[in-house]
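Shared between the two complexes below is subunit A, which pairs with subunit B and subunit C, respectively.
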Partner chain A sequence: MRFAFTDEQLAFRDAARDLLARECPPSYVRSAWTGDGVDARKVWFALAEMGVLGALLEASAVDVILVIEETGYAAVPEPVVEHAMVGVPLLPDIIDGQHTITASDDPKCVVPFADRADRFLLLVDKRLVLVGQQGVVALDNLESVDGARRSAIVDYSRVETQFSERETTQAFDRGALGTAAQLIGLTRRMLDMTVEYVKERQQFGVPIGSFQAVKHHLADARIALEFARPLVYRAAWTMSEGDPDASVHVSMAKAMAGNAALLTARKALQCHGAIGYSYEYDLHLFMKRAWALAAAWGDAAFHRASVGRAIL
Partner chain B sequence: MNIAVFVKQIPDPALPGELDADHTLKREGKLVLDESDSYGVEMALQLVDKAGGGEVTLVSMAPNNEVSGLRTALAMGAAKAILISDDALAGSDALSTAKVLAKAVERAGEVDLVMAATESTDGYTGTTPAQVAELLGWPSLTFAKHVEIGDGKVTIQRQTEAGYDVVESSLPAVVSVTAGVVEPRYPSFKGIMAAKNKPVDEVKVTDLGLTAEQVGWAGARQQITNVEAAPARAAGEKIEDDGAAHEQVVAFLEKLKVI
Partner chain C sequence: MPRGLVSGDTRDGFAAHLEWERALFDARYAVVSWPEEYGGRDASAMEWLIFEEEYYRAGGPQRVTQNGIFLLAPTVFEFGTKEQQDRILPRMAAAEDLWCQGWSEPNAGSDLAGIQSKAVRDEQAGGWRLTGQKTWTTRGGFCTHLFGLFRSDPEADRHRGLTYFLVPLDAPGVTVRGFGRLDGDEGFAEVFLDDVFVPDGDVLGDVHQGWGVAMATTSAERGLTLRSPGRFMATAARLVDLYKTRGADDPRLADEVVHAFIDAEAYRWQTFLTVTRMTDGENLGAESSLTKVFWSDLDVRMHEVAMEILGAEFDHDDSDWLKGYQFALSGPIYAGTNEIQRNVIAERVLGLPRQ
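Let's turn to the complex of A and B:
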């Protein structure tokens, strides 16, 4: 038996990778910080056209996981996980990109990409509820560590639907899994950027990447990535198969992927030196997304506790 | 409107190319759709769409029954493919390739138009489309940056150094397109899933009515005797400005015919 991604799953990943390399360069992510992009939502519509946003209606988590990972690699400034992973299976009529779902498990109803969404999935009394545009009283914008996430607190007056406990748990798992996949993508991106940088940056007449202390940092990051990645793919597989342990696998994946991203962010910053701290340099676009996502849909401590409860 | 599009499957251009002992390009691993062919595929899909009927058939010659690149083009929307894969084809020159492709076009049935890239990204001969046209006895239109079909005719804008010429011919014809002709679409999820089940007609040289002697090393009219690395770039000419350097610069530019 060949236990690996199928040619179609890889082709879907490659198509998304090509699209995002072209349409979502760091300059595009940066423009989302200020919100004044010319074609502010062109990537969203391109992903809709490619079938990414509605893919989960016809395909399983394992079919889309590599594509979601690519959206992390590109730090797409759109609610891809919230819409495609969390929202669409609950609201199957909304897939054409004309509507945008955002979602969050935050107890204070802080949602990312608030100003882009017209459907809000909020966690209220441990159940997800749907708030439509008419139900929103106000969006209180928040200063977010990742400016491209454009977070806001949703103040609402009316709830359209309340989802069941089971639906809520499953949606939460999909959110955590999608976020874990994006964290893997971000980790790869930060590592790629840093490897390129240390090969180029010279000190004492040689590239700094030739120093063992620098190599160790990068090796640590790579090991964290390679330990987390199979857990994410395993969780996607067991979720697709309806395995009763899928939820535990998602927790393992999210905890490990979050830690890998945080570690890599630190190592990347260290190896870049002062330039890494510069607002003008692109590293922070990915680093801050990693910080935000490591805390979203349960942080590592939360998910470790879940794993602990499951095995004890 | 039925259009046949030539697509070449090439080693990933992002990887360093390697040569075999016989000086031909190594083509062992997974091959990808030559990006320059994606423009022809897209143009063909748009023309078929505009015509309101017909289909796009891909024609590819590749070793080891390689279909990875074909699947990409099928995922974009082509209906079917003919793949010619035969050990006898190893060492084929451009003309042998053209013979095979021309026969494959005949096998494809009723074809109104053949589309090809101007040249492949790994071979760069740029001669195959015109050779195919000659073998089929069809008009050859090259370097198209814009293609239109109407009234049983094909009209193209042929890229020139100064701008473009408008060239028109009857159908069927062979058109080679440049990279700027259209923006190729990205394969969609549905397209990728559908491509899995689209027919690929795998044929051998003899199925096309050719013999092994007519193609490959046996049929090639060229020999590769040696391969050498390109010479390193020679140092440029340095001009010290003693007040008259501008005259030398002007003379240099005149020699290049840029002024």
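Let's turn to the complex of A and C:
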């Protein structure tokens, strides 16, 4: 057995990484909080052009998982997972970048990136349903901890399609897997930021990263990342292979990735000290995304309960 | 598969385990990843992992030969001469020579480079004379040979001037005194050396280069070879069974059991990723420290959950959980404490400045 990505998959990741480093810096993420970006959707269209958004029509989860991870690293303020992972396989006729799907498993029909979408996948009576733009009565904005998420409750009058239980379950798993991958990316980002910071920041005449107390915080975060990541890649692979246990694997991945991100957020904040607690510093853009995503598509306790039903 | 063996860290248990080790060797299952000429099967790293999973899933006992076959052997393959390999490896595989580790000293534990045991050159006799004391030597009281580090150049820096020696424990001047571990088994030993002669042929690697040679061994110990995922998957599976038979619908305990099971799976898949990278020729170096902290903490936690499931029964547990817990508690301490490992992760994986 070789448990590794192909050269093509790595090249796809590298292309996305370069694009996002260029087009989606923290200042761009921050502009999504206020909605006053001059070219607010340029990253979305760039990802569409790169073939990320419609990738699941031709390719499988394992082909895109690293790219999804990179969109987490950059905290892309767009419904990448909701559109590319959850929506596109259910709505294969809208992949041309003309439409934007958002989706959620929230029982109150709260969806992220609501003002960017024209197709809404909502969970109603345990089934995903499609609500189109004409079916929407109102989008009631809801303050999300991550302002870039621009969440809203969808008030709708008409459902276009109701998906089967099986389609719903599979879409949910894809949402949880994509979110787990983004959480891995966010974990890496917060760790990278903090490592750079503690190397530079001097107290008592030395970099604070030379202190054991600081080192051990970050070593723990690095360990959490090390052991969450392979479970995400394994779930992507078994999902692609149609493994009947893939759903359990997704649950393991989401539980571990959520925990890794939350732990790393705490460690990152602590190691930054007061600067990390300030609104002007960029850490909170990533930390708050991690909080939101750890709870989305089933939190760690939810997914451990799912695993428990399979093994206990 | 032998059942109900007494711990191999006792004198009687060790003898019983040796019979098992020799049965494994006769069936060519003792050292599957070694070349055929030394008693192995040329198994790839991935095949070795499969063997380990099956071994522990079937309830296979601890490997009392492990310090030789998993710690010393990789170093002999890497640094030994052909003569040393031919002389040492077949007897090690057959459990005829039994190797223990001579790293720690009373004043050198985590600070391994602080060792004081000396090697003095005996030019006339063509070798070295070793004097000093080693301690915490696991199964030292039952083994026949010791591998260890000795200070051969007292003038050099702490990390230089060390040489890696192979010492038969029946050599004149060697005294071994066994003593009890936490669980009462005589698993530890002190080894006293008083002007013990070791010929040049029993120096492993170059003279004064012992630190680099030893680091190859400790890296193997922290990482994969000593603690393959199979062991922890087997413990996690036993924990699931224990919960199912005793747990009786306690959601909090169920959550703990599942958490441990997921962690064991994570270790398994992290290992597959790691082995694939190694097979592709990557040098992982300090990354083995990530693994050591994770499996040792996981092992303790699994036993703590079992303790809770068993309740008062844990105190007179006859299902190995009590014994296993006491053993698991050594994990975060041996092979470099987890505090040292976190320093290594921070400095050599994350690139933080040294203190």
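In this text, the second predicted complex is superposed on the first by the 310 of 312 C-alpha atoms of A that agree within 3 Å, B and C clash if a C-alpha of one lies under 4 Å from a C-alpha of the other, contacts with A are read in each partner's own complex, and residues count from 1 in each chain.
In this section, a residue touches a chain if its C-beta (ideal position, glycine included) is under 8 Å from a C-beta of that chain, and two chains touch if they have at least 3 such contacts.
It should be emphasised that the depicted structure is a prediction, and the values quoted were computed from it without experimental measurement.
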Partners on subunit A (subunit B, subunit C) - clash or fit: fit
First (subunit B), second (subunit C), both or neither touched by A:D155: neither
Larger contact residue set on subunit A - subunit B or subunit C: C
First, second, both or neither for A:E165, with subunit B first and subunit C second: neither
First, second, both or neither for A:G51, with subunit B first and subunit C second: first
Partner chain in contact with A:D140 - subunit B first, subunit C second, else both or neither: neither
Contacts of A:G209 with subunit B and subunit C, given as first, second, both or neither: second
Which of subunit B and subunit C A:R304 touches, first, second, both or neither: second
Partner chain in contact with A:M256 - subunit B first, subunit C second, else both or neither: second
Overlay on shared chain A, then closest C-alpha pair between subunit B and subunit C (Å): 11
Subunit C-touching residues of subunit A, taken from the complex the two chains share: 1-4, 191, 195, 198-199, 206-207, 209-212, 214-216, 218-220, 222-223, 226-231, 233-234, 252, 255-256, 301, 304-305, 307-308, 311-312
Subunit A residues within the subunit B interface of the complex: 7-8, 11-12, 15-16, 18-19, 46, 49-52, 55, 58-59
Interfacial residue positions of subunit C with respect to subunit A in the complex: 46, 240, 243-244, 247, 254-255, 257-259, 261-263, 265-267, 269-270, 272-273, 275-277, 279-280, 287, 290-291, 293-294, 339, 341-343, 345-347, 349-355
Complex contact set, residues of subunit B against subunit A: 68, 71-72, 75, 186-190, 192-193, 195-196
